[in-house]
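Two complexes, one shared chain (chain A), two partners (chain B, chain C).
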Partner chain A sequence: MGESITFWVLAVVSVIAALGLVFSRRAVYSALMLGVVMLSLAVLYAVQDAPFLAAVQIIVYTGAVMMLFLFVLMLVGVDSSDSLVETIRGQRFWAIVAGLGFAALLGLGIGNTLIAAPKGLAVANQNGNVPSLAELIFTRHVFAFEVTSALLITAALGAMVLAHRERTEPKPTQRDLSRARFVEFGRHGKNPAPLPGPGTYARHNAIDMPALLPDGTVSPLSVNRVIARHEAEEGTLAPEVAQILQQEEEGK
Partner chain B sequence: MNGTIQAPTIEYALLAPMLVVFGAAIVGVLVEAFAPRYLRSAIHVPLTLLSLAGAFALTIWQAAAKGIPTKAAAMGAVAVDGPALFIWGTILVLAFVSVLLIKGEDHFVAAASAVPGSAEEEQALHEGAAHSEIYPLVLFAVGGMLLFPAANDLLVAFVALEVMSLPLYLLCGLARRRRLLSQEAAVKYFLLGAFSSAFFLYGTALLYGYAGSIDLAKISTAVGSVGGQDTLLYIGAAMLGVGLLFKIGAAPFQAWKPDVYQGAPTPITALMASGTLVAAFGALVRVFWVGLGGLDWDWRPVLYGVAILTMVVGAVLAITQTDIKRMLAYSSIAHGGFLLVGVIATGKAAAQNASALSGILFYLVAYGFTTVGAFAVVTMVRDAGGEAWHLSRWAGLGKRSPLLAGIFAFFLLAFAGIPLTSGFFGKYAVFQAAVSGGALPLVIVGVVASAVAAFFYVRVIVLMFFSDPAADGPSIVLPSRGTAAVVGLAVLATVVLGVYPQPVLDLAHSAAQSLFVR
Partner chain C sequence: MTTHYLVLSALLFAIGGVGVLVRRNAIVVFMCVELMLNACNLAFVTFARQNGNLDGQVIAFFVMIVAAAEVVIGLAIIVTIFRTRRSASVDDASLLKY
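This part shows the complex of A and B:
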C-alpha cells in the first residue's frame, strides 16, 4: 500500500519534471529538473528494497554528476542561450517523428511482454543488500570493474591533453609587471598608475559619472568611453563629459 | 554477516597479453608524470613497441604451448578461445605497425589546447612541443580492442567498447594540420559514439530483463526457454545490433566513418581502420553467434539487408569522393559489408560455422594489413600544407614516383580483390562460406559491389599513371624508417597472403575450428 502510494506520487512528479527538463528554455532549469528526476528515482529504488542503489543514485548522480552539469552551465554562462536555427531543413520535424515513433515502439514492445509476478529482491537480498552486491562486484564482475580503471585514467589524461597548456616561460611577477609599466612610461610617457575610478557625487552612485580633479574640472581618464558612447546615442550624456569628448575629437 | 565471499579466481596467464598492454599504458602515464620532457618520447616509443611485441609473444605462446582454453577466464568474464587468440594476434601486429607510423613523422598537434590559428599555437610549434601522451592513449585503445572481441558478457563488452573508443575520440582531434576539421571529426565521433553506446547499453538492459543474466551463454539458453517476452528479446537484440553495427560502420550507421577518417591524424585513421574494425567484428560475431545464436532465423534477414545496403552504399558513394582519405573510408565501409556476408553464413553444422568464421578471420588479417599500408602511403604524399588530400593532386604520381604509385596501386588492387593479392583470397574465403551457407543472392550482390568498387580503385590507378603530373604537384617525402617499414611489411603481407595464403588460412581455420567457448 505504502509502496503504491509512493509510486503514484513520484511517478507524477518525475514525469512532470522530465517533461520540464525537455521543454524548459533555460539550461539551468533543465538541470534542476534533472535533479528532481534523479531524486525521485532514488526514492523509488529505496522503496523497492535497493537501499544501496538509492544511496549511490543520490551521492553519485544527484551529488556529483548534477553538480558537474551545473558547474559547466555556470562556466558557459547562465544566460547564454542555444542557437535554435535549423541547420538541416526539416530536421526538427523528422527528429520529433522519429523520437515519438521510437518511444511508441519501445512502449508497445515492452508493454506487450508477459511479465511474471515480481519476485522482489528478497532472495537476492538474503545476505543483506550491500553484502550481496559486494559479492557480485568482487567475484563475478571483478574484471569489468578493474578494467573501468583504464577508462578513468583515459578520461583524466584526455582532459589534461585537451585543456592543459604547459607554461613555457616563467610567469611574470609583480616586480616584472611594475618594471614593464615604468619602461613604458619612460619610452612613451604612458601613465604607469592605474586609471582613476569614476566619480561618485552626492546624488549619484554610478560608474558613468566622471571623476573631478582637485581644480574642479572633469578628469578625461575617468570617463568610460563605451558607456559615454551609449549615453551620447540616448542623449543622456552629461554636458561636461560631452565637452571633453568634443575636445578630444578636435585634438585628433 | 553470515556469508563469507569466495575469492575470485583470475587466470592471469591467460589474460597476460591484455594485462601487459594495460600495464604498459599505466607505466606510460607515470612516465608522463615524472620523466622530463626531453626524455619522454625516448621512453614511450620502446615501451609501447616492446609491450605490443611482448603481448603478441604471449598470445603465440598461449596458443602454441599451452593450448586453447575451453573455459571462460576471470570468473566467466573473458573468453580467451581460438578466435579470440587469433584476433588478439592480428590486433597486436596491426597496432605495432600503426605505432611505427605514429612515431614516423609529425602527425600530431603541438599543443591541443591552443586555439587553431592562434599565436599560442604558433609558439608551441616554434618550440617544438609535442603531446607524448599519445602513446599511452594508443595503448589504452589497444587494450580495449583486445578485450572487446573476448568479452563473454555484455557488461564487459560495454566497458571494453568504452575503453576502446574513448582514447580514439581524443586521438581523432589531435591532427597537426587542418585542425578544425580534425576537431570537428572528434566531436562528431564522440557524440555519435556516445549515442551508439547508449543503444548498446539499453539493449543490454532489455536482454537482462529477458534472460535474467548478461552472460552470452545464459542469454543463449534463455532464447530457447523463456516464453512470452519475445518483444523484449527482439528490441534488446536490435539495440545491441545498432551499437555493434555502428562500430563497424555498417549502413545505415556509416555516416561517421568518412568524416572521422578524414579528420583524424592519418596514423590514427590507420589504427581505426584496421584494429577497431577487427575488434568490432570479433565482438559482433561473438554476440550474434554465441549470445543470440538461437535467434538466427530472426537476425539473419536483418543482417542480410544491412550487408547489401552497406556494400552498395560503400561502393557507390566511394565513386563520388574527391578526398583520398574519404575514399578509403567508403572503401572500408564496403569491406565491412563484405565481412557481414560472412557473419550471415552460419548453418546447422559446426563445420559450416567454422568455415565462415575462418573466412572472416582471414579477411580481417588481409584487409587490416592492406589498409594500414594504404594509409601509410597517404602520409608520404605531401603538399605545402600537409598531406595532399585532393585526388586531383595525385594525378601523374606514377611518373614522379613510380615505386610509391606502384605500391599504392597494388594496395588498391588488393582492396578490389584482384587475384594474386590478399584481397582475393579474403573475398573468396568469405563468399565461399556464404555460398555453402545458402546465401547465394548475397554473394551475387557482393560480387557486383566488388566490381563497382574495382571501378573507383582503377580510376585512381589510371589517374596516377596515365595523366600528366601537375606542375606544382605534391612532393613525396622520404619516409622515415618506421613508415618505410610499415609500407614494406604491408606490401609483403599483401603479396604473401595473395600468393601463398595457405599457412594463414590454416591458422585461421584451426583457430575457428573450436568455435567460441560458451
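This part shows the complex of A and C:
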C-alpha cells in the first residue's frame, strides 16, 4: 500500500517534470526539472530495495552531473534560449507523433504482458544490499569494473584536452588594456572609465534600477540589458528605462 | 507493481526521445539523453526485483558510470563548439555537410 502511494505520487511528479524539461523555453528551468526527475527516480530505487543505487543516483546525478550541466549553462550563456525556427518543416509535429506512438507501443506491449508477482530481493539482499552488490561487482563483473576505470580516466583526460586552450599570444597586461581603452576613447569617444553601476545615483540600489545622471535622466550605460529584457517580457520595465532603450534602438 | 514501473520507464524514455528530436539547444538535448538513460535504469532496477537477483542493479550502476563519462565528454565538446561558433544550437554545427 505504502509503495503504491509513493509510486503514484512520484510517477505523476516525474512525468510532469519530464514534460517541463522538454517544453520549457529556458535552459535553466530544464535543468531544474531534470533534477526533480532524478530525485524522484532515486526515491523509486530506494522503494525497490536498491538503497545503494538510490544513494549513487543522488550523489552522481543530482550532485555531480547536474552541477556540471548548470556550470556549462552559465559558461555558455543562460539567455541562449532556443530558436523557434524549424530547420526541417513539420519536424516538431512528427517528432511528437513519433514519441506518442513509441510510448503507446511500449506501454501497450508491457501492459499486455502477463508478469508474475515479483520475486523480491529479500534473498539476494540478505547480507545487505551493498555487500551483495560488491560481491557481484568484484567477482562476476570484475572485468567490466576494471574497464570502467579505464573509461573514467579516458573521459577525464578527454575533457581536459577538449577544454584546454593553447594561448597563441602573450596575455595582455594591465598597461596594455589601459592603453587600448584610451586608444578607443581617442578614436571613437568611448567612455574609458568603468560603466556606472546600476542605481549609483538613484534612491534605490537594486540591480534593476538605472543610474541617474546629474540632470535626473537615466544613464543608458547603467541599464543591464538581460534584466531589462526579462522585465520587458513581464511588463514591469520602468517607463523611463523603456524610453531610453527605444531611443537607442532608433539611434542604431 | 512491476508493470507500473515499466510503463513509467517507457513514458520517461519516450518523453526524452521527443526532447532529443524537438529541442535545438545542445545542452537541453543532452539533458534529454540523460532522461532516457535514467528511464532505462529504472527498468533495470525493476527487473532486478522481478527476477530476484542483483544483476540488474549492477548493470544500472555501470550505466550510471558510463553516463557520467559521457556527460563530461559531451559537455566539453559543447564548450569547444561554443568557443569557436559562439552558439550552442545543434543546427549551427553543420560544417561537415558542405
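The working rule: the second predicted complex is superposed on the first by the 165 of 252 C-alpha atoms of A that agree within 3 Å, B and C clash if a C-alpha of one lies under 4 Å from a C-alpha of the other, contacts with A are read in each partner's own complex, and residues count from 1 in each chain.
The criterion applied here is as follows: a contact is a pair of C-beta atoms (placed from the backbone, for glycine too) under 8 Å apart; a residue touches a chain by one contact, two chains touch by 3 or more.
Predicted model, so just to flag it, every value in this text is computed and none were measured.
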Q: Using the superposition on chain A described above, determine whether A:157 touches chain B (first), chain C (second), both, or neither.
A: first
Q | First (chain B), second (chain C), both or neither touched by A:226 | A | neither
(Q) Is A:95 touching anything from chain B or chain C once the two structures are fitted on A? First, second, both or neither. (A) second
Q: Name the contact category of A:141: first (chain B only), second (chain C only), both, or neither.
A: both
Q: Could you say whether A:1 touches chain B, chain C, both of them, or neither, answering first, second, both or neither?
A: neither
Q) In the superposed arrangement, does A:128 touch chain B (first), chain C (second), both or neither? A) first
Q: Based on the superposed arrangement, let me know which partner A:56 touches: chain B (first), chain C (second), both, or neither?
A: second
Q: Give one of first, second, both or neither to describe whether A:193 is in contact with chain B, with chain C, with both, or with none.
A: neither
Q: Have a look at where A:177 lands relative to chain B and chain C in the superposition and call it first, second, both or neither.
A: neither
Q. Chain A residues in contact: does chain B have more, or chain C?
A. C
Q) For chain A, what residues appear in both contact lists, the one with chain B and the one with chain C? A) 106, 110, 113, 115, 141, 144, 148, 151, 154-155, 158, 162-163, 165
**Q.** chain A to chain B touching residues, read off their complex
**A.** 105-106, 108-110, 112-115, 127-128, 131, 134-135, 138-144, 147-148, 150-151, 153-155, 157-158, 160-166, 168
**Q.** Residues of chain C touching chain A in the complex
**A.** 1-8, 10-19, 21-25, 27-28, 30-32, 34-35, 38, 41-42, 45-46, 48-55, 57-58, 60-62, 64-73, 75-80, 82-83, 87-89, 91
Q: Spell out the residues on chain B that touch chain A in their complex, using ranges where they run on.
A: 1-3, 5-8, 10, 22, 25-26, 29, 32, 74-78, 111-114, 120, 123-124, 127, 129, 131, 133, 136-137, 140, 143-144, 147, 153, 155-156, 159-160, 162-163, 166-167, 169-170, 173-174, 206, 227-232, 234-235
**Q.** Residue numbers on chain A that touch chain C, as the complex places them
**A.** 3-4, 7, 11, 14-15, 18-19, 21-22, 27, 30-31, 34, 37-38, 41, 44-45, 48-50, 52-53, 56-57, 60-61, 64-65, 68-69, 72-73, 75-77, 80-83, 87, 91-92, 95-96, 98-100, 102-103, 106-107, 110-111, 113, 115, 118-121, 123-125, 129, 132-133, 136-137, 141, 144, 148, 151-152, 154-156, 158-159, 162-163, 165
